[in-house]
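A, B and C are the chain letters, set down in written order, and residue numbers restart from 1 in every chain.
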Amino acid sequence: MTTIEKTADDAVREGAGDGGTPLLEVRDLHVEFHTRDGVAKAVNGVNYNVHAGETLAVLGESGSGKSVTAQAIMGILDMPPGRIPQGQILFRGEDMLTMSAEDRRKIRGRKIAMIFQDALSALNPVLSVGYQLGEMFRVHQGLSKKDAKAKAIELMDRVRIPAAKERVSDYPHQFSGGMRQRIMIAMAMALEPDLIIADEPTTALDVTVQAQVMDLLAELQREYHMGLILITHDLGVVADVADKIAVMYAGRIVETAPVHELYKRPAHPYTQGLLESIPRLDRKGQELYAIKGLPPNLLKIPTGCAFNPRCPRAEDICRTEVPALVPVTEQDGTELPGRGSACHFWKETIHG
Amino acid sequence: MGRYVARRLLQMIPVFIGTTLIIFLMVHVLPGDPIRAMWGDKAADPAQVASLRHEFGLDQPLWKQYIDYMVDLFKGDFGQTFGGRPVSEEMGMAFPVTLRLAAVALTIEIIVGIGLGAWAGLKAGRAVDTGVLIFTLIVISMPVFVLGYLARFIFADELGWLPPNVQDSMDVQQLLLPGFVLAMLSMAYVARLTRTTFAENLRADYMRTALAKGLPRRRIVGVHLLRNSLIPVVTFLGTDVGALVGGAVVTEGIFNVQGVGNLLFKALGQREGTTIVGVVTIFVLVILLINLLVDLLYAVLDPRIRYA
Amino acid sequence: MPDVTKSQSGGAAVDAVAPPVEADAATTAAPAAGPAPQGKPRSLWGDAWFELRHRPLFWISAVLLVLLLAIAAFPGLFTSAEPRNGDLTNHFLTKPELTHFFQADWFGYDGQGRSIYARVIYGTRASIMVGVGVTAVVTLVGGLLGMVAGYFGGWIDSIISRLVDIFFGLPFLLGSMVVLNAFTERKVYVVIAALAFLGWTTIARVMRSSVITAKQADYVTAARALGAGTGRILFRHVLPNALAPTIVVATISLGAYISAEATLSFLGLGLADPTISWGIDISDAKDAIRDNPHVMLFPAGMLSLTVFAFITLGDAVRDALDPKLR
């Protein structure tokens, strides 16, 4: 079984680009929503990639575009009002945005699967979990109802739901939150896809259950050598599981880095702010840092760097020029593989 | 489940008594004397009136009349018409006819209503949706009798496609036109309700999941969406039986269907209390039972509902 | 919104930094809610008005309604013809003269030689009066009972709810037939009373459930905690927030009441001569329909138009007040 060595190893591979074609590559993706009040620009030129066996964490607050990007990849955006004016989403080198609807459908669930945040609403309330799990096999593999049910029980065992055989005919509301999320995971894993997108998979769960579910997800990912895109706003979840992180703000990636480097030395004031707002035992008694202001209104994204109204480092250039995502280097110019920052003052941020 | 049914049946008793009491009082307390009315404008012989009164038990105190009536009812005795025929016999002939008419109407209502609603709901916001919306608005705006005469005039009198009157209620073709007219109003409501639930459920999270599972559209709509969307529609169909009954009175009159509606209408004209109370009592009972049935069906469709 | 602060885990949730303004999910990407720093905040009613203004059906029904109300109030302004006394010798079932706008013979004459145009105009008042009257009574009585039942609960609720159940068991049209049959002289107020007698339950049910929902809201708990009295809570906090569904049901039912009145009059169980009612005219016309469809067409058309106007208005209001449908 392939076990992935995290961080350093991965970062090198990432930098050297040795993995060949990535499993998934998002190129300059734009998504906008046409609403009554105007056009909401939810995603404004996102680039990222994921290799097999790799975990990419996409971090950002509500409205940063992290979920919308995921839905665009999945092909489950509501269009209209949503629209993808430009960009490419390459799966194994093929652009999914130009595929036929039927080809795309065949990728969904079979090659790329998704785990949603709130399993209670994401599972169909009037169908038994066995039916919903078995559906994957019936539709994609043409299994009979009976065989599909047997497979469903197997899956439920796999995600360690106790008494799977007895519970296969139960309905989603009869399970606890953690068990429901396991069912969601089982459903995503059913056909052993190449890539899983998990959209805040633990947000709706109790803290104690969060870790169990996250561990299960990581374990299954290792076992099947899948790519994983983990969308979250929880920095705590990320640290344990992810290989690399992309931080999003106002529909753009503002910083990318291998996971531990990001925690050690953030190269964007926004990331810095996020990290400083984590309560820490060694700073007990001190006032907790908070990023001032509100997340941007997607209908009126500030000019220049979208973060400038909230940024402690903001200067005139930040209000006029959109900073590009540039490679981050050591002070002496040594390359830092996999690192990038979209800040005019990244040098000051990381080294100052 | 069994306990729930038993409890519901028990709860039905006061409602049944209350409802029939209201009808009974309406028929017997309010001004207007049915016996006196039998003579029309002519002068009546007071002795004869009194003896008839006694015969029909109309000289008893009201509460006793009601209790007597209820006791008889449970023995299957609905009393007698002024003409001397047992009401139960009259109803026994008329009910199957109305039942058949209602069955035709219900079938049209369900198939066309849900079909149209689903179509509009799936294309919410597009031209089809607007078209169905306006069509249903027009149908709802037309009272049954307007619709009835219009349909009769167009399809029977002018085009001659269907017979204007129903001679044989066993012939489905003859029942088609009245059934259609009777169904129209509820059909429009069913269409609108289906449209709304479809459009609403389309945006549900589980629909996104179904899409993400790579299911074909047929299956997403036919299994995931339909199962959820039918729940409110079934409830509506249950509560709508009452409207169907009211519409039957009018429809049966227009197309000369010899059903309960016609029977009731004649009885109203003759102020024949026993028949009126009898028919309405049966209707109330049917409505109550159908509501119970719908509640139970609800549990089958929606596993989240549990009966304790 | 899906991303509500949940920061119990070791790390901080990003959301803890600032309240979420924009929803993340695509479905709610439109920043419909939330105090966006730019732009004016919008209220439910303000939003509803915005929605309404952009609906052609709303404007059609509104214009129709104003016109109908004017006709009902001042029928004499719309026709100089006499609606009651016919001229059998000259006008028996005369066909309509469709180019004679607003003339007595515009819609032709009926079987008693009366101007159908005049009858249609003068018939408006009864229909509107019944519709508005029943709606007013039903909203007041049903609304009050529903509110009391929903707010106080307990035995008051039990009694009112059982009463509602009993009346609900009676089919509306069928029940009103029986009730009206008991009256020999059926004036407008009798019809209003009969329809209201059977119709109040719908509003009571709607009001009860929305009051129950509203009273459980946090702002009501807050008001109570601040020591607000029952009356103040009920009328300042609960009622305004429970009103929308009631208004919607009331507007839509108005059309249904007009339709019911016409149906009853048609059956000879509603209004009677000398009151002019479209239902009676349609009933009178039923024998003439084969050769003279115009006798039925115009009153039936006017009736349907009126019901259409009210139902469409109710519909538009419902869509506007229910953000879920957007």
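Simple rule for what comes next: contacts are C-beta pairs under 8 Å (C-beta built on N, C-alpha and C of every residue); 3 or more make two chains touch, one makes a residue touch a chain.
In UniProt terms the chains read A = ABC transporter ATP-binding protein; B, C = ABC transporter permease.
Bear in mind the structure is a predicted one, so any value in this text is a computation, not a measurement.
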So which chains count as neighbours of both chain A and chain C? B
Which of B-C and A-B has more C-beta pairs touching across its chains: B-C
Distance between the centres, which are taken as Cα means, of chain C and chain A, whole angstrom: 49
Chain-centre distance (mean CA atoms) for chain B and chain C, in whole Å, is 22
Any idea how many Å lie between the Cα centroids of chain A and chain B? 54
Identify all positions of chain A at which a residue touches two or more other chains, and write them in rising order. 71, 78, 118
Hey, what residues on chain B touch two or more of the other chains? 203
Where chain C touches two or more other chains at once, the residues are 27
What does chain B use to touch chain A in their complex? 203-206, 208-216, 219, 223-224, 227-228, 231, 301-304
Complex contact set, residues of chain B against chain C: 14-16, 18-19, 22-23, 26-27, 29-32, 134, 137-138, 140-146, 149-150, 153, 157, 196, 199-200, 203, 241-243, 245-247, 249-250, 253, 264-265, 268-269, 271, 276, 280, 283-284, 287-288
Chain C - residues contacting chain B, complex: 27, 57, 162-163, 165-167, 169-175, 177-179, 181-184, 255, 259-260, 262-263, 266-269, 279, 282-283, 286, 289-290, 293, 296, 300, 303-305, 307-308, 311-312, 315, 324-325
Of all residues in chain A, which touch chain B in the complex? 71, 74-76, 78, 105-110, 113-114, 116, 118, 121-128, 135-136, 139-140, 171, 173, 187
